[in-house]
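Some structures to go through are shown next.
Look for subunit A in each of the two complexes below; its partner is subunit B in the first and subunit C in the second.
So, the complex of A and B:
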């Protein structure tokens, strides 16, 4: 990853992101227009849904929490040159293992002990689920893209089998028993879903930032990502690092699962993650793999989601417009540097024959 | 248990397996073209999904099988062209673009499905003429083989021809040689006067068409409806099968049939009420993909320039 050594670079990046967001919104306006809805009043409903009420802002923070944490893990993976599409599966493993801790420790165990053990279980199982993809890549040269996607389904159906079987609560609904009240995370703002998990997210963001800023581990991960061959020559055991990198990414997603279970759902059921892993991947790209920017990116995407819910209720615009907007933002971010360079080289060479120098290295971070 | 070994069970299982293999087979055959030309087309899933959606909508409103097929193919091609523009013309990285466009297609199809059909408990059906099976006279009367191979959808017969033609094109024609040259060593190919940009675009278009057709099979022939994310990562299973099949259409056919039959087997086992949680059955195709990848990934040699961007030298 290139350092933003010059102010011009930062400006350039900011401009690319801004243009991409504008372009994505323009396209979505066309979608909304085609519905026969005035896009401006739709956007007004959207922003009123977020900023017009305390609930909207609180919900934005609550929904951003798992995205931040998974996004941080994906930041680590992508900086290490690996594509982690397994956020959802790792989240499920964290949720599953941590709920077991909460449900099966003897009643009356101090909440602190439960939380610490649940956290460790989530880290362990998430890391295992992510690290497995890293291990298979290192050992058998499997593509982590395909393996992590397949592991999502394995985890999903594992949860399905358990909440319909061994872990099912009495009553016939496919879900686990609820956590004891004493073990549920404290609400930071009473009456909303904002819970202590956001603090975990913020601390983790700081830690990941420090990881890359200050530690050898971070430096090595980065080196493996930039050039595995150079890393190998430099004495880094690349295969081992592939396991470590995916393990860290999985651990983060596992923590997100634990945080959601203890802060929001208080139980595990199918569908508690709704493509969070993929959204978090887009957020990490939007944040250009900057851990602190991941927090902002998550809040932004989460606000879009909350706003879109309001928009659906008032204007009948389907919430899936959020998927369209967020993917288009990233799509434009990916192609803008190429378009710009192409135009520059056209101008330089006066003809269409020659094509520009390689695209912006920052767009070539995953895989 | 004895029911498993009866002939009726075997015939229905294999026939269903062949049917379930079709979407994956078509998409994977397309991906062979893309990857042979060096394009790591992670967007396969999105191209299938777009084909499934557009063909369903067109079929639903026009009641025409031909139009639905054409629309599904076109939708796949257009999606593939988005990916090609970004990766070939604007040099963005294949994996990231593919993932991003998959998300886009997921949002796009889900959005317009809601707009067109609202939220319903009973999804609308396309019910197109010709979506059933077409028995081939005489051949379909052969015991065992007849009902399995010669009483299928017309698209199955078409798919077999597509596989044969794909093999021939890739390995026996000048055009196929160019595709492989671009995928192995674009610089050398370019020196020999091959326009690598054009070759990659054409390969992606073929891939998009076949993936769109695979999605079409899923929505209007196999399931007769569209639901959100109907492809359920079959595009990624197809990616795995391409590796398993060593980028060879005939081996890809074998791999797809294997997966189709396993998929059909888990459904059959559920149906006869085997005492295994059905979620674990659903897991089977995905778990199997992992196992297959572990055993084949290291052994097959991918095209050397797969996933790599190529820049023309500025003279």
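So, the complex of A and C:
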């Protein structure tokens, strides 16, 4: 809808993100130097690790898949004005419920039926886990930030209890039995971990994009996020939408759990999410809540991770440097727009205002 | 003095080579249509916007004002229409906020209080330094805002539409303050759409149209009609023509003994009853904050009704959801256009579909129909003369009056059975008011029942077929037909009762 401003906005945003990434890399070079490693060769090892081999690219895509899907959910929540920090818990619920479908349906059930039911179970349980936080907020004004974080622990301990108890596979290792081969997602590229889940991620990205671009549901979610008072005046039941919004966010994370179980791990154990929820939140911010940019952002972050693994092996630089880079990117994204604004205003005033008339059409507006 | 100021937003100029000279000791009124560029010019003078071109000469020197701090240090103060006070703080704390640095760590409250009281005495401001802002009426808060500017030594005071929210006595008080302030050699720039006020308070007046200077005149040489002509470029009809209400149509709204609980800061409704017929305009007059907002909210599902009956066309709509109220055909022009009536980051189009995004004119099967939305928005922009600098900019870029027009266009064109209009013309210029009044009467012709809540007595007198005066959550009295006069409304507002109403009061 915003034809005119759009181009400028997108350009501005893209520029901010690019500068932030550059600045983050520059600063992290200092850390790498401090480790006694030449940063340039470290980065070379990194990019070779990603781009230099088919495995690197495939691994990047595989790792990006859950991030994309959780990030889309977080995009919905944040556009609706709510913070979903419960990606991990919702992911676990999706993983747990979907593995149960795969393990307990009678042998020989057609894979298609298993997948559909597992998907539905993941959606349902993920939505419940997210929606619960929305419900508590709507009902008792509890902060969804705290509730979603607490629910992460509940889910984690639930998984722990089950893989050590009712669902434990024979053999004493705390994990569930593995899925039947027939139920495992096909590999898109044989010999790698890239599986059909990425397609689900891409379709979902498109759907979320459509949601906000085209649908009245998206309009309402966004209105709640922009101004709850205007939304209420607009006939939108804000409390109900808080449940819906968190439910959708949870459903997405649940799907991510199902996709990982059926595509990568084929079983559930503790630690299958490795702080995905938090990483996805960073990605959603990085993507400025644009669903298509979430896909790119996820690929970028997961490329960093893959590259860091290669870097660690070759150069002995710890992978945690990636966390530093990630945090720095966010840091710079937050402060760069402010710095730019100040610089602009200083330039404007530096030369005095002696010149009257024909104006610079791009004058920025303060406030 | 402002010389050749130009301010460009995108491709259009909000100010185009504007000149404005303000002398010391004068109240200078700034007039112009909605979107003429008044607020923009003042924001430049106060350092909130950077001019695209031109210069500001203050006391004979060219100055660059790049922040409100700079403006204040030069002695330029501004009172915004939306106050910027911190409700939980005391008056004196708000007044010194931002100045308390001064190199010292400790504020000497005694000296501060003394200074505030001196200023208050000097300019007959009604200030209690220890009163908490949240306990003050709007009028008193405005006085605090003024005191705040004066405390910082403002010698030029800018007031952007200061009277919109004031009661008549509060307004009189404000004018008294401005007078004594100007008489002591300071200057005031006063923006208002109310020509009576301009005639009353100002010494000179500058009129802008389309961002350009039209005229600067001595107020004494002007009259309302001349000013209006300068502003809009044509003659303006101040009175509206309307047929008297026949009174035989069907009842649309019937409210019986409505009770709404209040909370700490808002008043409540203590049992009001009335009906509105199709094609009738019922006016609610009274000082703001006596339950008018609560009434509007209670009727539209936005506030819980404790007791009583609300029937729309015979159907119970008490305590049903806002969504269902909208769907049964109730339109609402809310009091707060900025944070309730519109979403500030949405475009005009997105705001036009608010409340009715499911209507065929906006969507089909849950999918937004952009072509139709754009076409309808185009029509409304044309009909309501909404002026903007960018069609797809967020509405936060609209001028106050134009933002109001977005809400008016949306709610009036919904063709509802019942239209509840709170202060529908607040912030509109005379031409726009004339148009909106015509629109409201047109809706009345079509059989819409109208509930007009307004603190503008002229508006009530011009439009209403029946008037209730609201006072402390109750109706202090009802006026019909010939009874609707300024005097009668004033009497009821002042707490006196008309003879006939006396018994009714007793058992309420």
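We adopt the following convention: the second predicted complex is superposed on the first by the 336 of 367 C-alpha atoms of A that agree within 3 Å, B and C clash if a C-alpha of one lies under 4 Å from a C-alpha of the other, contacts with A are read in each partner's own complex, and residues count from 1 in each chain.
The rule is short, and it goes like this: a contact is a pair of C-beta atoms (placed from the backbone, for glycine too) under 8 Å apart; a residue touches a chain by one contact, two chains touch by 3 or more.
This is a predicted model, so every value here is computed, not measured.
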Which of subunit B and subunit C A:214 touches, first, second, both or neither: second
Residues of subunit A touched, compared between subunit B and subunit C (which is higher): B
First, second, both or neither for A:318, with subunit B first and subunit C second: first
First, second, both or neither for A:285, with subunit B first and subunit C second: first
Touched partner set for A:223, first subunit B, second subunit C, both or neither: second
Touching partner for A:232 - first (subunit B), second (subunit C), both, neither: second
Subunit B versus subunit C as contact partner of A:339, first or second or both or neither: first
First (subunit B), second (subunit C), both or neither touched by A:31: first
Subunit C-contacting residues of subunit A that also contact subunit B: 345, 349, 353-359, 363, 365-367
Of all residues in subunit B, those that touch subunit A in their complex: 42, 85-86, 89-97, 99-101, 103-104, 106-108, 110-111, 114-115, 233, 236-237, 239-240, 243, 277, 279-280, 282-283, 286-287, 289-290, 293-295, 297-298, 307, 309, 311-315
Contacting residues of subunit A [partner subunit B, same complex]: 31, 34-35, 83, 85, 136, 140-143, 145-147, 149-154, 157-158, 160-161, 164-165, 275, 278, 281-282, 285, 318, 320-328, 330-331, 334-335, 337-339, 341-342, 345, 349, 353-359, 363-367
Subunit A to subunit C touching residues, read off their complex: 1-6, 214-217, 219-220, 223, 226-227, 229-230, 232-237, 345, 348-349, 352-361, 363, 365-367
Residues of subunit C that touch subunit A when the two form their complex: 4, 6-11, 13, 17, 48-56, 64, 66, 302, 321-323, 325-327, 332, 334, 339-347, 349-350, 353-355, 357-358, 362-363, 366-368, 370, 390-394
